[in-house]
Amino acid sequence: MANPISLSVTAAAIGTTRAELSGPRGARPKRAISPRNVFIYGTLLLVSVYYLLPLYVMIVTSLKGMPEIRLGNIFAPPVEVTFEPWVKAWATACTGLNCEGLSRGFWNSVRITVPSVVLSIAIASVNGYALANWRFKGADFFFTVLIFGAFIPYQVMLYPIVILLRELGLFGSLWGLVLVHSIFGMPILTLLFRNYFTSVPEELFKAARVDGAGFWGIYFKIMLPMSLPIFVVAMIIQITGVWNDFLFGVVYTKPDVYPMTVQLNNIVNSVQGVKEYNVNMAATIITGLVPLIVYFVSGKLFVRGIAAGAVKG
Amino acid sequence: MTSVSIRDLTLKFGSLEVLKSLNLDIDEGEFLVLLGPSGCGKSTLLNCIAGLLDISDGQIFIGGNNVTWSEPSERGIGMVFQSYALYPQMSVEGNLAFGLKNARMPKDEIAKRITRAAEVLQIEPLLQRKPAQLSGGQRQRVAIGRALVRDVDVFLFDEPLSNLDAKLRAELRVEIKRLHQRLKNTMIYVTHDQIEALTLADRIAIMRNGIIQQLDTPHEIYNRPVNLYVAGFMGSPGMNFIEGEISGAGDASFNVAATQIPLARYPFARADRPGKAIFGIRPEHVSCGAAAMEEPFSTDVEIEVVEPMGADTLVWAVLDGKEFRFRVDGQSPLQAGQTVRIGFDPAKASVFDAASELRL
Amino acid sequence: MTSVSIRDLTLKFGSLEVLKSLNLDIDEGEFLVLLGPSGCGKSTLLNCIAGLLDISDGQIFIGGNNVTWSEPSERGIGMVFQSYALYPQMSVEGNLAFGLKNARMPKDEIAKRITRAAEVLQIEPLLQRKPAQLSGGQRQRVAIGRALVRDVDVFLFDEPLSNLDAKLRAELRVEIKRLHQRLKNTMIYVTHDQIEALTLADRIAIMRNGIIQQLDTPHEIYNRPVNLYVAGFMGSPGMNFIEGEISGAGDASFNVAATQIPLARYPFARADRPGKAIFGIRPEHVSCGAAAMEEPFSTDVEIEVVEPMGADTLVWAVLDGKEFRFRVDGQSPLQAGQTVRIGFDPAKASVFDAASELRL
Amino acid sequence: TDLEVTHWWTSGGEAAAVAEFAKAFDATGHKWVDGAIAGGGGTARPIVVSRIIGGDPMGAFQFNHGRQAEELIEAGLLRDMTDVAEREGWKDIVNPPSLLDACTIDGRIYCAPVNIHSWQWVWLSHAAFEKAGVAVPTSWDEFAAAGKALRDAGIQPLALGGQPWQSSGLFNVLMATLAGPDVLTKIYGEKDADLAAGPEMAKVFQAASDARSMAEGSNVQDWNQATNLVITGKAGGQIMGDWAQGEFAVAGQTAGTDYTCLPGLGMREIISTGGDAFYFPVIDNAEITAAQDVLAATLLKPETQVAFNLKKGSLPIRGDIDLSAANDCMKEGLGILAKGNTMPDVNMLNTEDTNNQLNDLFVQFFQDASITPEAAQERFVEIVRNKD
Amino acid sequence: MASERPNRLYRNLTAKIAAIPMILTAVCVFLGGTAWTVVYSFTNSKLLPRAKFVGLDQYERLWGTHRWVVSIENLMIYGICSLVLSLVIGFVLAALMDQKIRFENTFRTIILYPFALSFIVTGLVWQWLLNPDLGLQSVVRSAGWVSFNFDPLYNADIVIFGVLIAGIWQGSGLIMVLMLAGLRGIDESIWKAARVDGIPLWKTYVFIVIPMLRPVFITTLVLITSGIVRLYDLIVAQTSGGPGIASEVPAKYVYDYMFQGQNLGQGFAASTMMLLAVLIVIIPWAYLEFGGKKRG
């Protein structure tokens, strides 16, 4: 647009000295290999080695035969790739008289994990919602006790819970285990949900109340649809926790519903002669696969959810 | 007829008494603005009326019913929030329909009401959009629509415009005013923007620390503030205050240092006139230059800062060592450093007792 | 002497060109305001000057030095942010001292500077407090103080007042103005509030989409906007625009439907006057009632809404089916529904070409 | 009827032995549902106990002989198997009778003993001694003397797993063989603290200290890994109960040619008569009760006993069966048993609590060379004094 | 419509009903279980809980037990190191990730994935990597450096640091993500202000940013601390408390005495001591969280 600026600019430009015009111009020069970049990426790469090493060793070892392992270097890639350890870990490894490997426990783990995750998240999200938005008298007290529960070593609660489950008539059943997982997942999940719902603008909640929505109406129609990130976080934490659990799975159920980790423990701890490291590693990877996949698939949402729910301690 | 009536309302947060035995009656179809500084309890009062806060003591009547313990949705109120509070995952239509669905209204009735509200607010083309896809002004309209469809007696607004920029604010202000003229519902409107209060209100309630200081028409509040606080709060730039003493009885005058302002034309509200007092005059009631000489009182001041604001110019001067502001035309040639003659009519002033701060 | 000088500054975020070959010279001691709507690139420009963003092309000179590649701290600038950006866990004193300590300034010098800045900004009693214990205005003052102690040539302000409420904003505005009068530093001030721009600026640069539309004194910008955009942007309530056609050459007139506005007194900036044009007149340049008859042009309008705003009253009327605003005295007795005579002097108007939107 | 049986026999020899039980039980028309828990008694016991307390017990479970199940019996949670015992005439066949005594409380029998395990064995690798150029020792003293030669040959003289019970087991063996069974019975059975502090024990501690230096560098956890060191000739020998025998068998080694076993460490012909027993929780289900009776009876049947014990490497609990298929070591054990040179197992004298304390003491002692024998003895005396 | 003031109990009744699971858990399980544990810690329960009270005997024995003292020492060492290292590593990594780097997602995934694995797995893998005959030591030795010595799991003096390596490996990813989220929440103008003030980057972090991340640090502190107190699986899988009792921890002591030693009373006494320690941590936290500020 033709306007007075261009005039004033030319006038000023004439006034400036030539030296000025010859100075630096444009973007600051950047080198790809600056000390800063070397430091950042160097550190990160180094750290990555530390984090990846075990995974690498696990995978490599699980693909080797026993003779190769005995001879060699654990970091060396397998000379002869064999999937036998995987097959053995999955299908034929023995514990006592059962030689079905991990396969026996896989579906049990699924059957335990799914309801546990669903129930614990359902309860914890309602708790968090009630604590954040419907603060009734004593809510803070119960919440503090709940958080206190996060610190109690599981072993301490083993017997009281046995008694509790017995009184409820749930001992030994799948539902008993689901209940236990829900109870022990509750502190940290409730904390997450409470923090998240606290960050939802209170006015939204008020608007819904004026619109005549009740406790459940607001929960299902307003809060739930808004809280995907935190649900993902809760899900990952809970899937990881439940799937990896050994103690509750073995104490509160019986052999026909033992989860995979019990099987893993049996395989790893039933040493027959020498330790079959390759089978152990294969079994370990197989057992960890489900949480790993869940995590890889939803990792981004996890980070987002953490930002939304956990940071506002 | 009284539409909303509040009796001895007290509200405490723990030991903090936010509202103190407050009484308020609002007529049907009235536009009442609650005005006050941040933290004075405006939102709290509104939330009490809406039923979103449990009150500690007192009663609330809406449309003649005691609703003190009713649910918010049963009170016949609609509420519009500062941050819009639209349900983010629902379309505009869903937002409007949510309250109606909760009340189990038949589908066709819901559709009818939404169509009507959308028409009134001119948001028909937006019905299928999500709130995130709307501009600030559009969101605000949807938020109003949500109250509108529910066909409530009383509209409650909590600073509905303060998240918008100045231009949009001015436009939506007029729209709300038009809406009120059309619908004639009772409206209670919280703001801390006095322009909004002055332009919208039938009556303004000025609050401070949970107590209503003055409840009156904008004109009265602006021109006859009952106390120093209200006088200082209203008007931007604020009223000029001069501390001094009143002397004489019938033909009283206000003395400060060397200056004497005659108070003969001042309509005293009270007969007792103690010594120490504060004299207040609004910047726009001060004339300057030639016009000043025609006023009952005039004096010379030195100009410190000149603020041209487009339509008019605000001048910051020094009178008797104290800051003194006055407003002149936008094209005024006044300059910082100049000395200029100003004058005003004490009849337009407000005089307050220095101790009680009440209007004399 | 030129204090800040920007040559062909281009800045891209990826493929988005936010600043487009921008040139700007700011004199020493000048108060320049960058004004524009949200997202037009004001903050980006300021950040480039401060060295917080790496520019894509062009040069930046401050105090005669080419600082295009210098670190922010070496440029002799101080910056004040909208969100204050105080270091929350340091006391006010710590906030002020932190930069100086880093520059290894002797202790007593630091103390001296802090004392002086605290005095200038009247924050002496606050020095030991934490930012969380300060009010908005106080925080803003500390933020200014942080630039002040560093004794820089150029102050950069990025919307320093927009987080404050209206009253405080008005007060701090004056304080900044006074500060500038006292310190006489170069100041570059970003805002989207035109009152701030008008009151503070020596010159205003109006930006839009990364391009400076007009760079001139507030008076010129307000009264002689170079294009329709600037005209519409400045002024609240905005200028009334009427679309129509210019007829005649010497004694031209502006025609819209039945109405004819004589343009004889209008100081045309250009000789070519195409047919379709837009006529703009500011609400405060419109008189009403008896005064209207004395204006070169007058007509009747119907009043729709009356907005009393204390000192004056804004009237929304209908002229030829279009909204038409004008401003009258605060005590005006006008009422909605009334028909009233209005008039104005076309010399005070602005006329734009309908196609290019440039001033005629 | 399905009967769930919990046990912690998961190593190679053990699992093969259990399979014999399962086969025999399945042959009766019932079904053995295997509830193996790897990781030993420490892992399995809480599971057993909590399931019983929780009201959902398994059909049968394996415990060590001794005081482990005492409280469960007192609480009435375990079945009284006296009827089965009488029907099957256990009183007459179980040998030594002390085994049944351990199952008996107030004259009622609560468990079915299935085997006899003795701790007092040392297993020596012929290959290792050959490599070191030393003759295979015939007693602990010779073995201890050969320690240096073995070490010089790059062979781990004594294999010792890191699990705590192995350390205390080793010590108890030294105590029983060097100081004699009477001392052990007096100290553990009668809490004779003075004896524990006495010079005889000091000698035992000194021997333990020698064993400690021989075991240094044995970086394995599980007992059978340690046994494996002996089997593969990487270690000279291991002091371990007769269950180690099973591992040699699974590895296809023959006693006398590949390895040598010395009962009582070659110092004193004595074996303890601990062992495993099966317990049967009270379950309110007639079918299961019946199946429990059948299982109990099956476990003690001669054929079952033979098949099981051959695989497990332990001694049968009845003297009236033909074990001609047994290998030399087992026969030696049988011989000692027949001579009546037996002593009670530590488990029968100590509560698990005391064992646990001993475990703590000795695992530390054997892994930490800085603890002097004297200091260890002091702590030992303390434990003995406070034991219940 | 109601004009009487309704019973307080019935206000928001649904919310209260919905909170019943939480209340039951808190009161019955956590409070009830804790109380039960504390009560029975004064008895001489063996295999089964029995109400035969013996006063403070169990506690006297507890503190007279060598292993308990070692456990406590280990927990202290592990706890302090793990706390400091987790926070430092987590923060440094987060700070690096916050530098607008390329491949951020990849790096983040790499650092966070161990979090998805159980302690059992972590323990096994690291036990193996640290095994002197198979793992790092043998690899380095076979590469030529014969005198290289790195066998933390078999050296009683440093075994706890071997556990630490694994613990950090598993836990620091989550801390990093938390810190990163916190860093991302910091107002950008703070960084700008610091640059204009000429403050070096490291000083900006140390004096300005870290103090601003207080809430994040509190959250992570709670997380890490609760993990430390519960440390059990990792030890069992990696060292079984060995060599000797060099890597014993309180939670394992509790477990071993309750189930292996069949001395519930002793186990309960140890648990009670642990709970006491937890209370010392959690009470100040609860005070910070709920004491001063209210929502508003």
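Residue numbering begins at 1 within each chain, and the chains themselves are lettered A, B, C, D and E in the order written.
By our rule, contacts are C-beta pairs under 8 Å (C-beta built on N, C-alpha and C of every residue); 3 or more make two chains touch, one makes a residue touch a chain.
The UniProt protein names, listed by chain, are A = Carbohydrate ABC transporter membrane protein 2 (CUT1 family); B, C = Carbohydrate ABC transporter ATP-binding protein (CUT1 family); E = Carbohydrate ABC transporter membrane protein 1 (CUT1 family).
Keep in mind that what you see is a predicted model, and the values were worked out from it rather than measured.
The chains touching chain D as well as chain E are A. Listed here as common contacts of chain A and chain D: E.
The interface holding more C-beta pairs in contact, when A-E is weighed against A-B, is A-E. If you average the CA atoms of chain A and of chain B, the two centres end up 52 Å from each other.
Here the CA centre of chain C is 55 Å from the CA centre of chain E.
Between chain C and chain D, the centres computed from C-alpha atoms are 92 Å apart. Each chain gets a centre from the mean of its Cα atoms; for chain B and chain C, those two points are 26 Å apart. In chain E, the residues that reach two or more other chains under the touch definition are 11, 255, 258.
Multi-chain contact residues of chain D (touching two or more other chains): 46, 53. For chain B, the set of residues touching two or more other chains reads 74.
If you check the complex, the residues on chain A that touch chain B are 201, 203-204, 206-213, 217, 221-222, 225-226.
Per the touch definition, chain A reaches chain E in the complex via residues 40-41, 43-44, 47-48, 50-55, 57-58, 61, 69, 73-75, 123, 126-127, 130-131, 134-137, 139-140, 142-161, 164, 182-183, 186, 188, 190, 198, 214-216, 236, 240, 243-247, 261, 264-265, 268, 277, 280-281, 284, 287-288, 291-292, 294-296, 299-300, 302-303, 306-307, 310-313.
Of all residues in chain D, only 41-42, 45-46, 49, 53, 68, 70-72, 75, 162-164, 219, 221, 351-353, 355-357, 360-361, 363-368, 379, 386 touch chain E in the complex they form.
Residue ranges on chain B touching chain A, taken from their complex, read 47, 50-52, 71-74, 77-79, 81-83, 85-89, 98-99, 102-103, 146, 150, 158. The part of chain C that touches chain A in the complex is made up of residues 2, 5, 7, 23-25, 54-59, 61, 64, 66, 68-69, 211-216, 226-227, 358.
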